[in-house]
Amino acid sequence: MQTFPKKRIEIVVEAPLLRRITARLAETGVGGWTVVPVLAGHGQHGDWTAEGQIGTASQMVMLITVVDAVRLDAVLDGVFALVSRQIGVVTVSDVAVVRPERF
Amino acid sequence: MFELALQNLLSPMVLFFVLGLAAALARSDLTVPEAVAKLLALYLLMAIGFKGGAEVAHHGVDGTLVATLAAGILLSFATPVLAYAILRGTTRLDPVNAAAVAAHYGSISAVTLVAVTGVLTQLGIAWDGYMVAVAAAMETPAIVAALLIARGRSGGDEPGESRGALLREVAFNGSIVILVGAFLIGAVTGARGAGLLKPFLVDAFPGVLCLFLLDMGLVAGRGLAQGRRYLSPAVTGFAIVMPLIGAVLAGGLAWAIGLSKGSTAVLITLAASASYIAVPAAMRLALPQANPAVALTLSLGVTFPFNLLVGIPLYIALAGRITA
Amino acid sequence: MFELALQNLLSPMVLFFVLGLAAALARSDLTVPEAVAKLLALYLLMAIGFKGGAEVAHHGVDGTLVATLAAGILLSFATPVLAYAILRGTTRLDPVNAAAVAAHYGSISAVTLVAVTGVLTQLGIAWDGYMVAVAAAMETPAIVAALLIARGRSGGDEPGESRGALLREVAFNGSIVILVGAFLIGAVTGARGAGLLKPFLVDAFPGVLCLFLLDMGLVAGRGLAQGRRYLSPAVTGFAIVMPLIGAVLAGGLAWAIGLSKGSTAVLITLAASASYIAVPAAMRLALPQANPAVALTLSLGVTFPFNLLVGIPLYIALAGRITA
Amino acid sequence: MFELALQNLLSPMVLFFVLGLAAALARSDLTVPEAVAKLLALYLLMAIGFKGGAEVAHHGVDGTLVATLAAGILLSFATPVLAYAILRGTTRLDPVNAAAVAAHYGSISAVTLVAVTGVLTQLGIAWDGYMVAVAAAMETPAIVAALLIARGRSGGDEPGESRGALLREVAFNGSIVILVGAFLIGAVTGARGAGLLKPFLVDAFPGVLCLFLLDMGLVAGRGLAQGRRYLSPAVTGFAIVMPLIGAVLAGGLAWAIGLSKGSTAVLITLAASASYIAVPAAMRLALPQANPAVALTLSLGVTFPFNLLVGIPLYIALAGRITA
Amino acid sequence: MQTFPKKRIEIVVEAPLLRRITARLAETGVGGWTVVPVLAGHGQHGDWTAEGQIGTASQMVMLITVVDAVRLDAVLDGVFALVSRQIGVVTVSDVAVVRPERF
Amino acid sequence: MQTFPKKRIEIVVEAPLLRRITARLAETGVGGWTVVPVLAGHGQHGDWTAEGQIGTASQMVMLITVVDAVRLDAVLDGVFALVSRQIGVVTVSDVAVVRPERF
């Protein structure tokens, strides 16, 4: 099956910021994303866990979006404008997709 | 008062909180899933809002309502200024972190509200249903005050975050919507609704509260274990003294208004409580440079246990003196 | 009847639904975790199934059971044909989407069943426990009818999806299993079981229903905000007229059978309701070309609120006329 | 006794378990979310612990407590040795897997404890509240015994896993903490607390137990479907005979101590039950070479259904004989 | 540590389809997969969220499977036979594993 | 935007082992990780699902950690010392990050 190279961006970020990030992605013309729950984590800001939490403040989520390479810089710029002072981690990797027109 | 304190300490609610705290500190794997914690909080806010509304439908609203609302809003605006001054004077917190902590202490903790009404019900002390509306009104002003302080002191404005959007979000945050919504529904449906929902919302309340406080104990215990490094003596002292200052201010206002004993106890407890649902989320958006663990450790790890174990019986006793 | 309508609109159940709807439209962050929504649905289906079974154990089954089952199955088979014709005649939906929507309206909504029994219980109107079995029997035929229509019209057969496997899956879907299972358990254990489970399954029912309808309001409100673009006047009109047509058909059959007032109201409501648990999932497998948002927006965003706010009191009044 | 057995089989609790089992075997998509299952388990352990403690506060502790604790610990230590010998003698399980299974059968199942108290309450047979403490004491010794056996036989020691850390973890596992914690809280708060929590913890108990056993039926059914290949006749026989052996041993000890009928039934049921919360997790850490599916299929797929359907009425009848 | 190259396939797909996909994977000889919950997403079919949902119809899940490169085409063919008309996204990326005999 | 190459390690492992793995990661000097819930899975040990489970024994979780390549071997050694006899899967892939000093 013929596949086409795209970029997969994975963003682990504080839950209260999620709405703003997806709004920014939409503005940048990103066509889709997927949000995955996060149970727990550890980083410079210490340990945290979702268990027993009633608010969203100490909660994180993982957002995954597959975009075309030409859009990568615009997306990263938009995302970092938001998350640079927030708690979170952004990684980029190479993936292949079958239906390139979707991204 | 010592009897009241002892009875409080030996109530199942407080003991389940202590159990959770102990389990977390002993690193037990006892956990309450996030979805369950949210269900319990939803239930408790719904129950307390509805009961408040049904009470208003039954007894009506007396002239003190407007005065009490004004007092609540005033407390919520003024406390952060005081808190900020104390923090900057006695601790090493920088302006931004001090402003963030001050917002937490100016606002209120819905969970502490639930706890004080649980204790009052157990003691058979009536409180006015509209105190639920007062609680809702006290949530937001503190955030505004803290942002004004932070902007004034740090000179910076929050990039890309419109104040209007933020306040709208805080005003419509889930816990306020369910609390106020259930209050209105209780007020509209009155006795008929209250009869229908009594087994679920009233009879089961103390049991659900126990389960919820077990969870709060676990969360507070984990927070304490994680956030110990932020607990310098000065900062810890603030988390215990600030509620007492809030209590005294609220007691004075309640006395001036002429509130009933139960409502005085509720107003005092609200003023003495520190937010950990609405304000922490708002601060992540408005003051992202602030370290969220500092305010949360203080609010959930020190002030909430203090209020639950010592504060609430103290505030009820104080309310008794004021209204004697 | 206006009194009935008003009483319905001011019931806590309806008001909590409206609260959820309003919160979603105001973009509040109030949410009910998925696991909690599933617990509430599980509880409600268990409670209604069990109560139906215990009622059957108590009153026995009269001769109308078989006739009512047949009437229900007939309605479930016939309504999709009618719905398809109306949709193709009055809206721009293509054959596949029209067939998918028709399947939703031919089948029933277990949640609407729960709501109507809640209202009937509040009004003190008895209904026959076996209506639970009738509801279960009405779920699947509509799917078969819609697939026959879709195959006939679009000429295509579903690649790789065996009809038998699909129907088996629908027949054993979770909500049917718990509804029918609890019904049988109620019928077997009778008064003894009913006494044991009363505090949990009966007394708490209205309160849990309120919480659940809050969630349904949130989901419906989000669905409406998302699916607005599908709501052309013709399509929206269908979502309000079709329940009324179903109601009239069911009313006629109930009259012919000689059902009691309560059971007539239940049969009418079932016919007037549109599925949004079992059928949507089945359509994703059997008619994947259909856009799921169209049927869900209609069923959950228009027909369910319509039934809850206006339909149910109307159907109860209609049942009163029929059985007068 | 046949009447007792029949009444047990036709109780809503057992029937909901059978419903779950049947739904899983029919590959229905009925599921209980993980968070909900954890909430139900948390509630049941809290309820039974609290009731036990409140009962102790009411009736006090008689001299048999220490003897019963000793008997429980003895059973938990001794049963794994017996179980290991039987497994090695009659099945093809290798030493490590046999030791892991033996640990499960020496320890106890908190869920089976919940079920037996549900049946006893329904039958109006009193049991001593301190049996909750006995249950807690019986959880850990079996793990120690099994690890000693495994080390002795396989000659290997567990790399990187300190025995102390492991036992500490087991002793503080969530289900023990909530069971013992609620027991202590019940004992401290006594009648006052019991009155407050009765609607939640006592009245709702049978209903929640039904929902929970539905889930256990689903989990057991899925486990059976998955684990069929491990169920050789010899191994399956062990999972039915071993509980009976445990029952006889416990019956003798209960007789020697002079326990009441209800407490005898509880002690027998504990001895006859096999763990599937605490021990499976401990074995993944201490004996990772053991295949976890073997022990879980036996414990949850065979022994738990056997105890629920047949064992518990048998044990109660046996307790009746012993104390007659 | 010596590592061996494999392919990681990530499939975000409607929940009602999951059983059929795993059955197809098993038929194709795939030895393992992992299913992760999804909280929310956005794509051509608009926004959706799992919150408050009681049915599976508007629910999605994420399936991850690590396979040998020689099996990739067969797996993608099998998966696309099912998901082509369904709502979802499939990506492929390179990963390294330590125990190659497992995949 | 300038990006820097790092390694992303994804570990699917039995829940009772999680504490030990994170402790080992911390000892190895790993600065952060994220734990994601797992709904269901299939492998050599058969099928499992989290649904309805009350204990952690038959539960799995997915841990994701982004580390510098120089630390990769140490991390894998530490992890495999723990998971080799346990049920689970470990994969490594290449990712790019924007703030390299974090890892």
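All chains are identified by letter, namely A, B, C, D, E and F, in their written order; residue positions are counted from 1 within each chain.
Keep this in mind: a contact is a pair of C-beta atoms (placed from the backbone, for glycine too) under 8 Å apart; a residue touches a chain by one contact, two chains touch by 3 or more.
Just so we're clear, the structure is a prediction, and the values are computed from it rather than from any experiment.
Shared contact partners of chain B and chain D comprise C. Relative to the C-alpha centre of chain E, the farthest chain centre belongs to B. Relative to chain A, the chain whose mean Cα position lies farthest away is D.
With centres defined as mean CA coordinates, chain E is found 19 Å away from chain A. Between chain B and chain C the centroid-to-centroid distance comes to 41 Å (mean Cα coordinates, whole Å). Look at where the CA atoms of chain C average out and do the same for chain F: the two points lie 44 Å apart. Taken residue by residue, chain B touches two or more other chains at 29, 31-36, 38-39, 199, 204, whereas all remaining positions touch fewer. Along chain F, residues 36-37, 56, 93-94 each make contact with two or more other chains. Under the contact rule defined at the top, the touching pairs of chains are A-B, A-E, A-F, B-C, B-D, C-D, C-E, D-F, E-F. Interface residues of chain A, counted against chain B in their complex, comprise 14, 16-17, 20, 45-59, 81-82, 85-87. Interface residues of chain E, counted against chain A in their complex, comprise 10, 12, 36-44, 60, 62, 73, 76-77, 80, 89-94. Within the complex, the chain D residues that touch chain B are 33-36, 38-39, 42-43, 46, 50, 169, 172-174, 177-178, 181-182, 184-185, 188-189, 193, 196-197, 199-201, 204. Per the touch definition, chain D reaches chain C in the complex via residues 10-12, 15-16, 19, 22-23, 26-36, 39, 122, 199, 203-204, 206-208, 210-211, 214. Of all the residues in chain E, the ones that touch chain F in their complex are 1, 3, 6, 8, 22, 26, 31-37, 61, 66, 93-98, 102.
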